[in-house]
Amino acid sequence: MTQFLQSIHYGEWILHALIVLPLLGVVPVLLGDPKSARRTALVVTTLELVLSLGLWWALVPGQAGLQLVANIPWIPSWGISYRVGIDGISLVMVLLTTVLMPLSVLASWHYISTRERGFYALMLTMLTALVGVFIALDLFLFYVYFELTLIPMYFIIGIWGGTNRVYAAIKFFVYTMTGSLLMLVAIVVLVWKVQAATGQLSFAYEHLLRNAGAAGSAAPWLFAAFALAFAIKVPIFPFHTWLPDAHVEAPTAGSVLLASVMLKIGTYGFLRFAVPFFPGVALSPAVSALMVTLAVIGVIYGALVALVQPDFKKLVAYSSVSHLGLVMLGIWGGTMQSVQGALIVMISHGLSTGALFLLIGMMYERRHTRLLEAYGGIARVVPVFSLLLTVVAFSSIGLPGLNGFVGEFLVLLGSITAFPRATVIATTVVIFAAGYLLWAIQRIIYNRLDDPENERFGDLTARELAVILPLVVGIVWIGLYPAPILRRMEPATRQYLEATAVTRTGPTTALGVLRHVVEEARR
Amino acid sequence: MTFSHAVWLAVALPLAGFLVNGALALRRPRATGLVSVVGPGVLVAAFVVAAGIFLELWREPPHAPTVVSLWSWLPVGQLQVDLAFQVDQLSAVMLLIVTGVGSLIHLYSVGYMKADPGYARFFAYMNLFVAFMLVLVLGSSFPVMFIGWEGVGLCSYLLIGFWFNDKVNADAGLKAFIMNRIGDVGFLVAMFLIWRAFGSLDFTWVTGHAADTLAPGGAVVTAITLFLFLGCTGKSAQIPLYTWLPDAMAGPTPVSALIHAATMVTAGVYLVARTNVLFALAPVSSTIVAGIGALTALFAATIALRQYDIKKVLAYSTVSQLGYMFVGVGTGAYAAGMFHLATHAFFKALLFLGAGSVIHAMHEAYHATHSHEDAQDMRNMGGLRHAMPWTFGLMLVATLAIAGIPPFSGFFSKDEILSAAFARGGEAPIYYLFYAMGILAALLTAYYMARLMAMTFLGPNRTGERERTHLHEAPWIMTGPLLALGVLSTVGGALNLPHLVGGHSALERWLEPVLAPGLAVGRLSMPEGSTEYLLVGAAVAIGVIGLLLGFRATLGRGILPAREAPPDTGFALVLNRKYYIDELYEAVVVRPLLWLSRVVLWRGVDQGLVDGAAVNGAAWTSRVFGGGLRLLQTGHVGAYVVLFLVGALWILRAVIR
Amino acid sequence: MPATSLLGPSLGLSAILFSLGVAGVLLRRNAIVLFMCIELMLNAVNLSFIALAQLHGSGGQIIVLFVMTVAAAEAAVGLAIILAIFRLKQSVDLKQLNLLQG
Amino acid sequence: MTQLDLGTPGGIMLALLPELLLTGWALLVLLVVAWRHRTAEDSRLAGWLSFAGVAVSAAGLAALWVNGATPAGLAQMVALDPFRYGADAVALIAAGGTILLSLGYLERESLLAPEYYPLVLLSTAGMLFLAGAEDLIVLFLGLEVMSVGVYVLAGYDRNNPASAEAALKYFLIGAFASGFLLYGIALVYGATGTTNLSLVGAQLAGRPLPLMAALGLGLLLIGLGFKVAAVPFHMWAPDVYDGSPTPVTGFMATGVKAAAFAALVRVLLEAFPSATSLWQPIVAGLAIASMVVGNLAALVQRSLKRMLAYSSIAHAGYLLTAVWAGTQAGAGAVLFYLLAYSLVTLAAFGFLSVFGRGGERDVSLDDIAGLARSRPWVAFGFSVCMFSLLGFPGTFGFMGKWYIISALAAERQYILPVILVLTSVVSAGYYLPVVMAMYMRPAPDSERYAGVRLAPAALGAIALAVAVVLLFGVWPGPLLDVAGQSALTLTQTGLPFAGP
């Protein structure tokens, strides 16, 4: 595979192709027949997926640092260039995006019945922006993509959303923009500080990373601005209230992309920018304490509030707050296990929550309600749907053997050293997670079937199975054999840990060190 | 290639069964024939593998466990968890019990579930359960064990709520899973602490280095073991997390036998035995384990006294017996705990399956007459020995076993636990109290079992005139496994026959390599000579007295069918309502939590503070200010000039300085 | 220099006149009167220029000519606008001109 | 590089080429309309003629710029530097755009007095003088030429009470502010003995600022602050913008503002570089007040026109922050932002003039509900305008804001950018609802937008503006360089002691 890719110079054009292809796809979508828009979009997104898969092999495993870096001057007088590249972390995020996109298109097949051309054009734009966010290595470029993700989602929520869509859309937009604009100021200030120290005006990521120390006494403020932007995106309690509204109002594809990919931009931002730029601030005891506290509050709070939601979508939205809190805990846990765990939670949450939203969308298409009380007892009528819902729910709950557990476990395991109390508190989320999801699926597929409407609830069609099954495969695969993904990400994680110079994991006892040596020798 | 290296087959077979049966359940729910072959078939095959492994170990007892690594599961830096199975004496015993008893129960289920529309689904779940249970007992590290640990919880959830269209059943499943999860928090935290202390989660590493790593009686090991035990209280239904198990009887009876009596609920005991060295290093934790065990044994036994549902009696009996096992492992008599685990698996499975046969018969009788009476209420039974002689006989065997009447299996195992507790009393007098509680519980056990037998099988029949003719013995596919279990219940004591009766503690020796690290920390000196005789005598006497009292008290009173029976009053009512513990939990934990979530967090913090005050408040404030500015814009030139001049004066003031 | 001795008083007078103009704009509500007050302000400034011309040469005096021209142009346009208003409203009272507000 | 000797008549003629061409052309058009001023045909003829005048003037400007004309020695009256050319270009673009937008508008509103177009040309000539003024007197003259024309234009719809009222308010307060400006000139003249900006700067350099000059500076700030509609001298703006014919509003919001900002930058940077510490706090105060007041008040407007009026106040605030920087980058940012803002604002007012059909003054959100369904391209274009005004990446407006923030950050100023972005967030509260109304609300009835039609000229202008806004949103490099370079001479005047 690697040789084949080399023979076509895959590494040289792939990142550009991933950006440009969806934009090219917009043209036929907009110009074509409204009915064929979805087909065009599916073709384009699938092609994008196929192209992106090669990245898995193109990335040299075990090699730290950014790879496939391409640099095209853009606004030279300001030191801005179109600079892209990936490492293990970007890789999985890009793949997550490209995998979910065709599924989202497929899930919108019947759901979107008005203004199809606009919808699919926005979806493709969204794809470009999302991929761009994860591969951008120029702060300016990153910021542009970061903001660019807002527009399609804003329209997707606002035009094809539910009854309260306009409120949700503007809330989503303004919330995110508040943080990001402050980050914009921080980016510019950082660049000028670095310029003052090095004499070079450049927005290139590596340049800034190397010289971020120049921020000096401004570092706390700069970190605060970055952190706020990403915290809103994640979202960390108490910046989360846009999320339930946006999720509930968005159409299925919107919810999927929002939850599965867009929230990860926040945590990705912490890992890529906020923490490595200002490790001294980010990992200082005070800031750590604050972030970990907020993370743990988010974990428990999200779960508890999810427990009492009458609307299934809102429930899942709050569960996202809970899961993303775990990611934050993992990032601040500062060990190989916790950070790798955080990354796995990011992926797992993408798969599980994405699948949940897709299933909710299928329910909604049949019954036009997301209220739990409208359902009940349908396991008898639709066994396949019920089975998949159960599998996905248990994945989200964190049943070992499915994907959710892997990340959760690693995060908590890795964080116990640095934050024992927070970790123990966060661990209790496994109770509440089981509570809210199982209670919900009980009210949907179990209990007495007393609404005759539900008798006519049709089981999944082939198209719907095609949407869900890939995710279920991923769920089981990551649950049982996450090793390949972990190994791909490990160099990047290691580099992150070294860059942030955290006290390394681990063995707090002499014996632990000994064991480590033994393990190393064995391999 | 040895059997030990093929141990993955033992897991893979039921898993394959699950996949086949699951596919059939979705696509061909009527293909009962194939299901009947595949379902029990894979279990029997797994049992063959298990037996092979056992014989292999028997012939050549290894000194170190055989670890069969399938693939690298969680390779993260220093943490290297393989998906690996560990074959040693302890897991081999569990392997045999799970596959053996499991096979019998699967066979029984072929008859029991025959008419159920979810036949294939049932076997799929059961197969899956066995697969997970085997992962649990075979896992070579804490996380792998945890896969099984949670997996059996999942299957338990699915099987309790098997008849999910009844809200009660679904509720019971949910409750079981949540309660288990509370315990799982303990398990998880314990793993984290172990990782922190050892830098590894492999059993071999942890047990091998525990004594060097952890200070005996230290805070770390105490914390680890207490958290582990929290996990056990969930899975093995100990105080305070036991309330799910009686509710779990909502599932089909074979489920109760397999999961909620013989295998899954004993996982906690297995875990303590597996990590014996840690508990041995933490005397405080051990005492707590034994204490909780003794308290649970007694407490659950009292509740069992006043239950009318035949399965509920057995459920509380299970809780109580599990308490015994914890007394054993908490005392340091790990082998005795495991011994009781094994014998209990036999006789309690037998009891449940017997009860299942009874319910089956009752149910069919009521079904035939379209009556809606409760088929599980013992007040509607009575005199069934005529209709179901085999079941009666075999259940009597089990009753004698559980009551601790020699030479039935339960006698030996229970006696060993009580003796151990008594022996430990020499060093720590509180164990005398545990011993006393155990003895009292034994008395109550004999009593409620006698009551159960008397109400079910003896006396006049209360089923109803029309129904009586429909009562008949279960088919052979069901009584066959009963018979096998009856034999095991009878002779199971031979597993670990004490010196007293000429045995040589076979099980204890067998487990020696696994238990060695714990025993190295502190070995219990068992009572011998006259003390031993005295203890044995007391135990037997208690059992006999309990049985006699139970039969007398039950048969001596006229019992009315459930429909006509007067409600219980006074303490009897308290017992019947299980001390109102469920209501207490509901009032103290569940409702406040939901209230907190709904009223305080959601409506208060989320919608009120964050969204209302902060977010929308900011928007509102902006609009108010904007509105104020609008009012300023009166349209009158004069006003504009005034503001202009104010600005002008400000600027001039600023330039003058 | 005797000429400069007049500079201070001239500038002072100019400032007073300017202030009077400002006060008039502030206080009066008739568009015509208001406009006259503005003319007063401009001419006050002219006085300043004339006075300063003593100090800095003839530049100031030239400026005054420009200003007067501009003022004339403004007057032409301004009066036309006021006339237009009067045609529409039959009044040049600024208090009644608040169609545009908010 | 061509050096022009401004001492000779030929040199000065060349230096004033755009102004002279424009003025001459305006007189020519006046002649034409003297006997052709009755029909729509006549009006159109005058319009196109005037547009040609703008083009001719632009050609003159280009000739100067391309040849890199610089003064030999000191520029006496009028500057010859790229900053002037840049500002002139913005003013000419504003004028050209306004003419194109007016063509259809005047016909539709039956405002068929073709003197309109010469007035636009003459005002523009004033703007060019204002933007290029190297002497305070030229500045004053340019300002007045510009203003007198615009006063008339504001009241051009003279039978409409709103328009007349707008003209009167603008005239009265404008003349009032001119008095302050003039007094300021007098005081500066008194303190330094000169009205040439560079010489003023030279006189004031290296010594404490005399009180008279300080007062002069303050009065100049007041006068120019009025023209750029900075809070608290802004109160006229919403009313005048609201009452004037829509294309005129666009003209005021862009050309007038651009020229005034150019003059402000030139005065502060050339004449008062030594008093930076004095004027920076004032400019900062004006900027903050403008950003806050403009955005908050815009939030509660119902009429889109008024909303845009207030938003233009907010944008003046953003521009003032760039002025604050007082550097080459700051001046470059001002130019850059002015172009970005002018293009978008022209396009936005162009759209508005379409929505407000036949004498309808107030266009509210309800009037554009569901527009996207029936007129997707109009909705798209208007949305681009809104996002650009909001400063969203991918648009010219974002680059402008970025430039401003960058200029401020380079000066280690962090509070202004933070206020800038926070108030921008507030602005999302009124720009986004416009987009929402068009895309996310249903149209009241299917025939609602049947009459919405852009005249071809306006369509061309708007389409071009939107395209440029998008183009420079993603590819601003060359333009940035131009803007950055244009301000170079401003801060490095030929005089050795000028500049910090």
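We call the chains A, B, C and D, going by the order they appear; numbering starts again at 1 in every chain.
Everything below uses one rule, namely that a residue touches a chain if its C-beta (ideal position, glycine included) is under 8 Å from a C-beta of that chain, and two chains touch if they have at least 3 such contacts.
All values reported here derive from a predicted model rather than from experimental measurement.
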Most centrally placed chain - per-chain CA mean versus overall CA mean: A
Centroid distance [mean C-alpha coordinates] between chain D and chain B, Å: 79
For chain A paired with chain D, centre-to-centre distance based on mean C-alpha positions, whole Å: 44
Centre distance in Å when chain C and chain D are each reduced to the mean of their C-alpha atoms: 26
Distance between chain centroids, defined by C-alpha means - chain A, chain C (Å): 66
Chain D residues counted as touching two or more neighbouring chains: 169, 172, 176, 238-239, 301, 429
Residues of chain B touching at least two other chains: 630, 633, 635, 637, 641
Interface hub residues of chain C, defined as touching at least two other chains: 22, 25, 34, 94, 97, 99-102
Contacting chain pairs - touch in the sense defined above: A-B, A-D, B-C, B-D, C-D
Contacting residues of chain B [partner chain A, same complex]: 25-26, 71-80, 83, 143, 146-147, 149-151, 154, 157, 161, 164-167, 170-171, 173-174, 177-178, 181-182, 184-185, 188-189, 191-193, 195-200, 205, 209, 212-213, 593-594, 596-598, 601-602, 605-606, 609-611, 614-615
Chain C residues touching chain D - in the complex, by the definition given at the top: 11, 14, 18, 21-22, 25, 31, 34-35, 38, 41-42, 44-45, 48-49, 52, 55-57, 59-60, 63, 66-67, 70, 73-74, 77-78, 80-82, 84-85, 88-89, 94, 97, 99-102
Complex contacts: residues of chain C adjacent to chain B: 22, 25-26, 29, 34, 94-95, 97-102
Residue ranges of chain D in contact with chain A within the complex: 373, 387, 392-394, 402, 405-406, 409-410, 412, 414, 417-418, 421-422, 424-425, 428-429, 432-433, 436, 439-441, 476-477, 480-481, 484
Sites on chain B touched by chain C in the complex: 630, 633-638, 641-642, 645
